[in-house]
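Following are the structures in question.
Across the two complexes that follow, subunit A remains constant while its partner is subunit B and subsequently subunit C.
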Partner chain A sequence: MTEEARSDTPFGLIVPERMGSAVLGIAAELGGMGVLAAQLVRRMLPPKIDRYELTRNLYKMGNKSVGIVASTALFVGGIVVIQAAPLVVRFSATAIIGWAAGFAMLREVAPLLIALMFSGRVGANNTAELGTMVVTDQLDALRALAIDPLSYLILPRVIAMITMLFALNIVGDLTAIIGAIISANALLDVDFSLFMDSFLEMIDAWDFMQSVIKSIGFGLMISITSCYFGLTVKGGAPGVGRAVNSAVVAAAIGVFVMDYFSTYILK
Partner chain B sequence: MILLRNVSLRLKGAWVLRNVSLEVPPNNVFALIGPGASGKSVLFKVMTGLLKPDRGEVFIDGQSIAGLNDVEMAPIRAKIGMLFQNYALFDHMTVYENIAFPLRRLFNLPEEQIEQIVAERLQRVSLPGFQDRYPPQLSGGQKKRVGIARATAQRAPIVLYDEPTAGLDPVNSQKIYDLVRDEQRAQGTCAVVISSDVGGLLTVADHVAMLHRGELLFAGTTAHAQRSGIAAVNQFVHGLTEGPL
Partner chain C sequence: MTIQAQPLTQHHDLEDPVHEDDRPRTLVQTMTAPLSAFGQDMYGLWTLLRQTVQAILQGRVDRESTFAQLYSIGNGSVLFITVTMIVLGMILVVQAGMQTQRVLPELSLLGANIIQLLAREFAPTVCAMMLATRVGAGIAAEIGSMVVTDQVDALRMSGAQPVDYLVVPRLIAGVLMTLALSFWSLFIALMAGTFAANTQFDLNISTFVNFSFVNMGDYIVMTLKAIAYGAAIPIVSSQRGLTTFGGSEGVGWATTNAVVHSSIAIILLDLILSVFGYIAFPPV
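The block that comes next holds the complex of A and B.
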C-alpha cells in the first residue's frame, strides 16, 4: 500500500492494517521458501550436482567452522557444569553430573547453540555471497551460459550445509562433553571415570540420535532461509545487508520453532 | 542473425519496451544506444531469453525463442556470448576458471585445449599472467577485459556487450572498443554493443539503433545515424544540449 493510501486509513484501523500487512509479508516469505524447497526437490530427481561446487562448499562451510564450533562447544560443556554445580553439591549428587551434563547437552544445548553459531557464520555468509551474485548479475550470467542456478549453485550449498551441520554437531557434542569433564574435575573434583560411569550408564543412543536428527532439521532450515534471502535480494549493496539480517533472524526463529516441535515429537 | 518483431515488455506495471522491431545483421558491430532507462539492457536480456516479452517474437539465427524454457534455450544460449555491465565475473573463481567456465560447461573439450584457449584469450585481451588472480584483485578495466575474454572464449556467433566501457577513462574506453572491433573482425561474429559513450562506440560500429523510453527511434548505418534528421537521434549522437531529450 502506498504512503498516500496509508494516510487515508482511519486511525482505528492503522494497527490492524499493519498487522495484516506483516502477516501477509511473512506468508509471502514462507511461501517463497516453500517454493524454493520444492524446486530443489524437483532438481534432485535425478540428482545432478556439480561435484566441484559441492566439495568447495563442504570445505568452506565445514572445515573452516570446526575451530569456532569446537571452542564454543568446549565452553558450553563447561558452562552447563558450572550452572549445575551448586545443585549437585547441595544434594550430594556429584555421581550423576555426567548424566546431567550429557543429557542437557546432547538433547538440547549443543544442537541448538551449534545451529545458531552455524547460522551466524555460514548462513549469513551464504546469504551475502548469493546476494552479491544477484546484484552483480552473476546469476543471470549463469543462465546466459545455459546453466540452471538452482542446480549448479543452490543445491550443492543446501546439501553442504545439512551435511556439515550434522558433522559439526557430532564434533560439538564430543567437545562439549570434554568441556564438561574438565569443568567437573576442576570445580567438583569429579574424576574422569566417575563422570563417564554415570554418562555411559544413563545416556543411551536415543539421546545422541535426537541431537543428530535435530541437527539435520536445523541444517535444512538454515540452508533454505539463507539461500532464499540471498536469491531474493533487491536494492543493490544495501539490499544485501538487509537480506543477511533477515536471513539470520528468520533462521533463528525457524530453528527455535523447529526445536520446540522436534523436542515434543522426539521426547 | 537476431530479429525482433513487435516486441513489448512490461516490468513492475510499466512498459519498458514498446513494439520494438529490429533486425541485427550478421558479421558486424551493432551499436544499441539511447539515454539512461531507455530499455537497452532490458532488450539485451530479451535477446538472450533472460526476460520473456509480453508481446512480439524474438528470433535467434532464424529460430523463435518464444515459449522456450531454460533447458530448451540451452543450445541457443551456446550461440551467444555476453559481457554484463557489472562484469558478472564469478568472484570465487580465478581468472582462468572464469574464462574456462563456459568451455567446460557448454562443450566437452579436453583440458589441454581449454588451457590453450584461455591462454590465447588472455593474450588477446593483454592480460597474460593474470590467470591465477581472483576478480576482486583486478581493476575495473581488467575485469572488463576478463569479461570480454570469457564472452568470446566459446567462439559464439553472437556476442553481446553491455556497457563495456562504463567507468573507464577515455584511453581505456577506446582500447576496449578497438578490442571489440578486432574480435568481431577476427571471429566474424555479430557483436551487439550497448554504450552511453556514443562518441567512442560510433568509431567502431557499422550499424546503430537508438531506443528512447522503450521505443525504437532509429535503426540504420552509422553514417546515416550521424546525419539523421530525427531531432532526438541527432541530439544524442552529437551530444547536443539543445533538443527534445
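The block that comes next holds the complex of A and C.
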C-alpha cells in the first residue's frame, strides 16, 4: 500500500485497513516459512547436506553457547526455588520443594528460557549472517555456480540449530537442577538428600521427555524463522538490522505459542 | 609454560579506546582472561551508567528525543508484550492447575498463588526478557550503525556529548516503559489466566481473582525489578552499540551481544532481587 493510496482512504476505514494489511503480512510470512520448511524437507529425501558446513555450524552454534546456556540455567534454577518457596512454606511442605522446583524447571522454565537465550544468540546472528550474504548477492553467486543455496547454506544451519538446542537443553536441565539444589540448601535449609528424595519420587522420565520434545519443537521454530527472515532481507544494511529484529520477535512469539499448544498436547 | 590464547574481543572505552594485543600469555593469564574481560565489561557499564545518571541529574535531557524513545520503546512493544503475556498466563494456569490437582483436592487457592507468582516473578521478568529482544536489539543496531558511520564522532566534534543525546533518552524511556509494561503484563496475564481457569477447571472468576496473598512486599519487589531491568536493557545495549567496531558485520555482533547480555543481566538481577525480596519480605 503506497502513501498516496493510504491518504485516499476514508477516515473510518484507516483502522480496518491497517488491521487487514497486518493480517495479510502475517499470513504471507507464515506461508513463506511453510514453503521454506517444505523445500528443506524435500532436500532431506535423500539427504543432500554439506558435511563441512554442518560440522562448522554445529561447533559455532552449540559449543560456543554452552557457557551462556549453563550460566543462565544455573541462575534460573535458583530463581525457581526462591519463587516456589512462599508456596511450600505456606502449605508447610518444604519436603516437596524438589518436586515443585524440578517440575516447574523441566516442564516449562528451563526449555523456554534456554530457547529464548538461544534465539537471541544463535538465531539473531544467523539471520544477520544470511541477510548480509543476501544483500551482497552471495546467494545469487552460489546459484550461478550451480550450488543449491538451500541444501548448501540453509539445511546445515537448520539441522545444527535443532540438534544443538536439543543438546544444550539437556545440559541446561542438569545445571538448573544444580542451581535449584544450591539455593534450596542456602535459603530453605533443605539438604541434598531431602531434595533428591522428592525429586526422584515425583518426577518421572515423562517430565524430562517433555523438556526434550519441547526443545526440539522450539529449535525447529527458531531455525525456520531465523533462516526465513535472513533469506528475505531487502534494502541493504538497514534491512539486515530490521530483519534481525523481526526474526527475534517472531521466534519469541512462535516459541510461546508452541509452548502453549504443547502444554495441551503433552499433558 | 606458555600457550597462545585466543585474542580477546576488543573493548573500546568511551573516552579512550583500549586495544588488546595478541602477545603470548602464561597459563594463569589465559585462565584469568575471561575474568578480567568481565571486570572490564562491568567497569564500562558502570562508567556509562554513572555518566548517564549524572547527565539526567544535571538536567541535560533532550525532551523531543525522550518522547520519541518513549513511543518507540513503549507503544511499539505493547502488541508484542500483550500476545506473549496472554499465552504465558494461560500456560501458567494450565500447568499449575494440573499439578495442584495431583496433591490437593480443590483449586480455590490457585488464583491467589498464581497472582502472587505473577507479581513477584513472571510479569516483570518475562516482560523485560521480551523487551530485551525487541528493544535491546534495536538500540544496539541504531547506535552501532551511527558509530561505524562516524556519526558519533561527528556529534563529539560539534561539542555535543553522545551520552546526552543517545543514552539519556533511552535510559529514561526504558525505566518508565518497563515499569508501565510490567503492570500491563500483570493485568493481561491475569485476564488470560482467569479465562483459562474458567474454561479448563470451571473456576469462578470471583474465586480465581483473589489478591489476598499479594502484599505490599510483592508490589515493592515487582517495582524494583521493573526499574532495575528497565535501566539494565538500555545501558547494556547502548554500551554494546557504542563499542561497535568493524563495519556492518560489527553492528551484527553488537546487536547479538546486546540481546544476549541484556538477557543475562535480567536473569542475574532477577536472582539478586528475588533473594532480596525473600529476605526482606519473608513468606508468611
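The rule we apply is simple: the second predicted complex is superposed on the first by the 267 of 267 C-alpha atoms of A that agree within 3 Å, B and C clash if a C-alpha of one lies under 4 Å from a C-alpha of the other, contacts with A are read in each partner's own complex, and residues count from 1 in each chain.
Keep in mind that, in the parts below, contacts are C-beta pairs under 8 Å (C-beta built on N, C-alpha and C of every residue); 3 or more make two chains touch, one makes a residue touch a chain.
Quick caveat: nothing in here was measured; it's all calculated off a predicted structure.
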item	value
Partner chain(s) touched by A:L116 [first = subunit B, second = subunit C, both, neither]	second
Partner chain(s) touched by A:P238 [first = subunit B, second = subunit C, both, neither]	second
Partner chain(s) touched by A:T132 [first = subunit B, second = subunit C, both, neither]	both
Partner chain in contact with A:N185 - subunit B first, subunit C second, else both or neither	neither
Partner chain(s) touched by A:R56 [first = subunit B, second = subunit C, both, neither]	first
Which superposed partner A:T9 touches (first subunit B, second subunit C, both, neither)	neither
Dominant toucher of subunit A (residue count), subunit B or subunit C	C
First (subunit B), second (subunit C), both or neither touched by A:Q39	neither
Subunit C-contacting residues of subunit A that also contact subunit B	129, 132
Contact footprint of subunit A on subunit B as seen in their complex	45, 48, 50, 70, 73-75, 77-78, 80, 82, 84-92, 101-102, 105-106
Touch list for subunit C against partner subunit A, complex	80, 83-84, 87-88, 90-91, 94-95, 98-99, 103, 113, 116-117, 120-121, 129-130, 132-134, 137-138, 141, 145, 213, 248-249, 251-253, 255-256, 259-260, 263-264, 267-268, 270-271, 274-275, 277-278, 283-284
Residue ranges of subunit A touching subunit B (in the complex, touch as defined)	56, 129, 132-133, 135-138, 140-141, 143-148
Touching residues (chain side subunit A, partner subunit C) in the complex	68, 71-72, 75-76, 78-79, 82-83, 85-87, 89-90, 96, 103-104, 107-108, 113, 116-117, 119-121, 124-125, 128-129, 132, 187, 237-238, 240-241, 244-245, 248-249, 252-253, 256-257, 259-260, 263-264, 267
